[in-house]
Amino acid sequence: EKMGTPSWKVWVGLQEAKTAKFWKAVSSELIATAILMIVQCSVPLKWPGNNDSGTTVQIALGMGFVVMCLIEGFGHFSGAQVNPTVTLAMFVARKLSIVKAILFILAQCMGSLLGSGLVYVVTPANATGTFATTVVNPLMTPAQGMVVEMYLSFMLVFVIFGATDSVKKITMPSLVIGLAVAMNICTGINHTGASMNPARSLGPAVYVNIWENHWVRLPLRPQVSL
Amino acid sequence: EKMGTPSWKVWVGLQEAKTAKFWKAVSSELIATAILMIVQCSVPLKWPGNNDSGTTVQIALGMGFVVMCLIEGFGHFSGAQVNPTVTLAMFVARKLSIVKAILFILAQCMGSLLGSGLVYVVTPANATGTFATTVVNPLMTPAQGMVVEMYLSFMLVFVIFGATDSVKKITMPSLVIGLAVAMNICTGINHTGASMNPARSLGPAVYVNIWENHWVRLPLRPQVSL
Amino acid sequence: EKMGTPSWKVWVGLQEAKTAKFWKAVSSELIATAILMIVQCSVPLKWPGNNDSGTTVQIALGMGFVVMCLIEGFGHFSGAQVNPTVTLAMFVARKLSIVKAILFILAQCMGSLLGSGLVYVVTPANATGTFATTVVNPLMTPAQGMVVEMYLSFMLVFVIFGATDSVKKITMPSLVIGLAVAMNICTGINHTGASMNPARSLGPAVYVNIWENHWVRLPLRPQVSL
Amino acid sequence: EKMGTPSWKVWVGLQEAKTAKFWKAVSSELIATAILMIVQCSVPLKWPGNNDSGTTVQIALGMGFVVMCLIEGFGHFSGAQVNPTVTLAMFVARKLSIVKAILFILAQCMGSLLGSGLVYVVTPANATGTFATTVVNPLMTPAQGMVVEMYLSFMLVFVIFGATDSVKKITMPSLVIGLAVAMNICTGINHTGASMNPARSLGPAVYVNIWENHWVRLPLRPQVSL
């Protein structure tokens, strides 16, 4: 971007990190991920005596619409990636410096803890349940769960890259990406909880201390023999 | 706006109040809020013998779509704010004179009473129930409820300001704001009824006389020790 | 439109009725209303042993999306009014000649009979039930039902005029009108079946011979003492 | 397209088949249909102990949104037809050479087997059930089922041709086509499973070996006496 700067310096991004715009972007990721998690931790709650709470369609639409809102509200600051997998993909595609990528991921994890924590303190204990943690369905093997999460992450990143393509210039990228999240939740919620997002899975896991098969949602998954 | 008028006079807005356009805008808020309340009081009704009435998704989509329709239908008259919290935020952002803000809020309260009343007279007594009143979930403390309502109001105002930003010029602001309302209902309906709107809470409360913890939905909430 | 033609002749529209374009438009209303009714008669069916069939959200989205599709598919032929109330409103607003309005309404009624009939012959008897007929909820008085239907018809016409305003030029009128239909169904389905459309109510009533309080859905309702 | 080439050669399309672009398009159909089937086989699964899995609205929105995503993601490679009926209609409309049409249909069938297979291996046996196979409702005759499938296929093709019309240039064709798929599922899911797509019906049928009345979904249906 900056003329005269060697390309490897741009790739590292230390110079960029001295600007106010850079830290605005990092803060934007933190706040946007916190909002994502406020919705994420609220929509699936099963309230005592209310069979209609936490239905799949409520979760899918709530999450799809919040992603759309975050892109409209925070997109011009940081892209509203709110997801380490997306940030990693953007980094690989050379749309992000390494310093920015690392700080975005840290901000996303902190935002997740913040947003989940806020919902945790306002939710009564008997409605908390497993609190939006994403566990592989007990009827499935962890390897099966990993395949599902890999597919869902791929689809999300694929749609994001397609919808934000500067050549195609589609009309409402925020709506398309939001509805893609809703689609992925309709697809995989019963298999793995349809996380697609390691930061999203982090927050709830910390508060209710459920870590079962958590690794299947990491973008760089270990090659384990099951 | 008007050249030659001192800025404090524009801020007060008495001059503006002498125009027909001004009173058209006030009437527009009254009618739009009445329509909002007709939908709001109808969608959550639980009809005897029909388990499928008043589901969360029905409420969320009904309210999201009516907000979209009101913005398309009344937006060019008054902005279709239909919400004292939004009007207050617009006033703070200097997009509204003080006289206009006060009359908008009065019109919204009157509209709420009108719309709720219309639904009240056409709804059979055994389907009325708590009639769309917004009460803090009995499993929660009022303070928890207030945190939820403050978050929901913040998100709504945040999306409205983002979607109507004259620089970004997004494609369908009415759709984005409508779906943000649907998202907020998916998020907070079981916590507090997801009011986000003191005028919206006023109407139903008057007809069925339920005022429990009503203050948590006021935009300027008292600092009480609980 | 045609220069040199006296305005009353345009208003009557006999000259227009000699063109192929005119009859294309009339046919378009017939086919579009038939498609509307195919969806309308299918979505609310309660299938034996399937509690999830005919839910409110399924009906609302099915009908909202079909109206959007019809406007995209038939809008340039005839406006895809598919509703005598809309045609009457368009006639009053001088957007339609009297001959065209009458033939549109006849075509809509024939289309309703055709579409409903098609669904009737492919639906098993024990899933037919009251077959999408719109009756006022037995808990309500007919006068209450009429108020609800008048409000729903008003909202529909109001959104149609707003969304197709040639000055505002909104981005996706078909989507806005479709979602307004979905909103109206979420609002009034338990009160009156949310007809909004006399042609829509005609077809099913003929096949299962249910005419109870049918008159509340006519655009020109008789002034009866109840 | 290519100047100097006789039109019948363009219609056959052998020359086109020597280009990289051609094979990219064929691969695009294979991958896009595989993704379609991953969603199609996942959304209707009934999980033990979860009454809220596989609801009609979840299926309709999941499938509608995936079609929108596929058009945005693969549309510029091959049109994202993902459906032999659509490919056949495009061929009849002279928008496709015969060689391309045949290879597209083969690719769609292979994609269907691939996508369905992927879901089959990650889904526990007691959640598989009839695995998204499309059978005519046992309360209906096969002839009735065929009428429903013919109507649904017609509507889909009609909306696709309308939404991609180069004269009308509508704003978001992907959204309109996606919501048309959702509409068709709301309409016909209880009659026939709302296949609209022979390739879509092929994959699941292979894995669970259910072929009952499969022929009603073929675009060229045999004239049988029932």
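In this document, chain identifiers A, B, C and D correspond to the written order of the chains, with residue numbering beginning at 1 in each.
Simple rule for what comes next: a contact is a pair of C-beta atoms (placed from the backbone, for glycine too) under 8 Å apart; a residue touches a chain by one contact, two chains touch by 3 or more.
Just so you know, these numbers come straight off a predicted model, no measurement behind them.
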Quiz item: If you check the contacts of chain A and chain D, which chains show up for both?
Solution: none
Practice problem: Compare the two sides of the chain C and chain D interface and say whether they are made mostly of the same residue numbers, over half shared, or of different ones. | Solution: different
Exercise. Quick one: point me to the chain whose Cα centre is farthest from that of chain D.
Key: B
Quiz item: Where the CA atoms of chain C average out and where those of chain D average out, how many Å apart are those spots?
Solution: 30
Quiz item: Which whole number of Å gives the spacing of the CA centres of chain B and chain D?
Solution: 43
Quiz item: Residues of chain A touching 2+ other chains?
Solution: 55, 57, 61, 171-172, 175
Practice problem: Mind listing each pair of touching chains for me? | Solution: A-B, A-D, B-C, C-D
Quiz item: Mind pulling up the chain D residues that touch chain A in the complex?
Solution: 35, 38-39, 42-43, 45, 47-48, 50, 52-53, 55, 57-59, 61-62, 65-66, 68-69, 72-73, 76, 118, 121-124, 126-127, 171-172, 174-175, 178
Quiz item: Which chain C residues qualify as touching chain B in the complex?
Solution: 55-57, 60-61, 64, 137, 139-140, 144-145, 147-148, 151, 155, 158-159, 162-163, 168, 170-172, 175-176, 179-180, 182-183, 186-188, 190-191
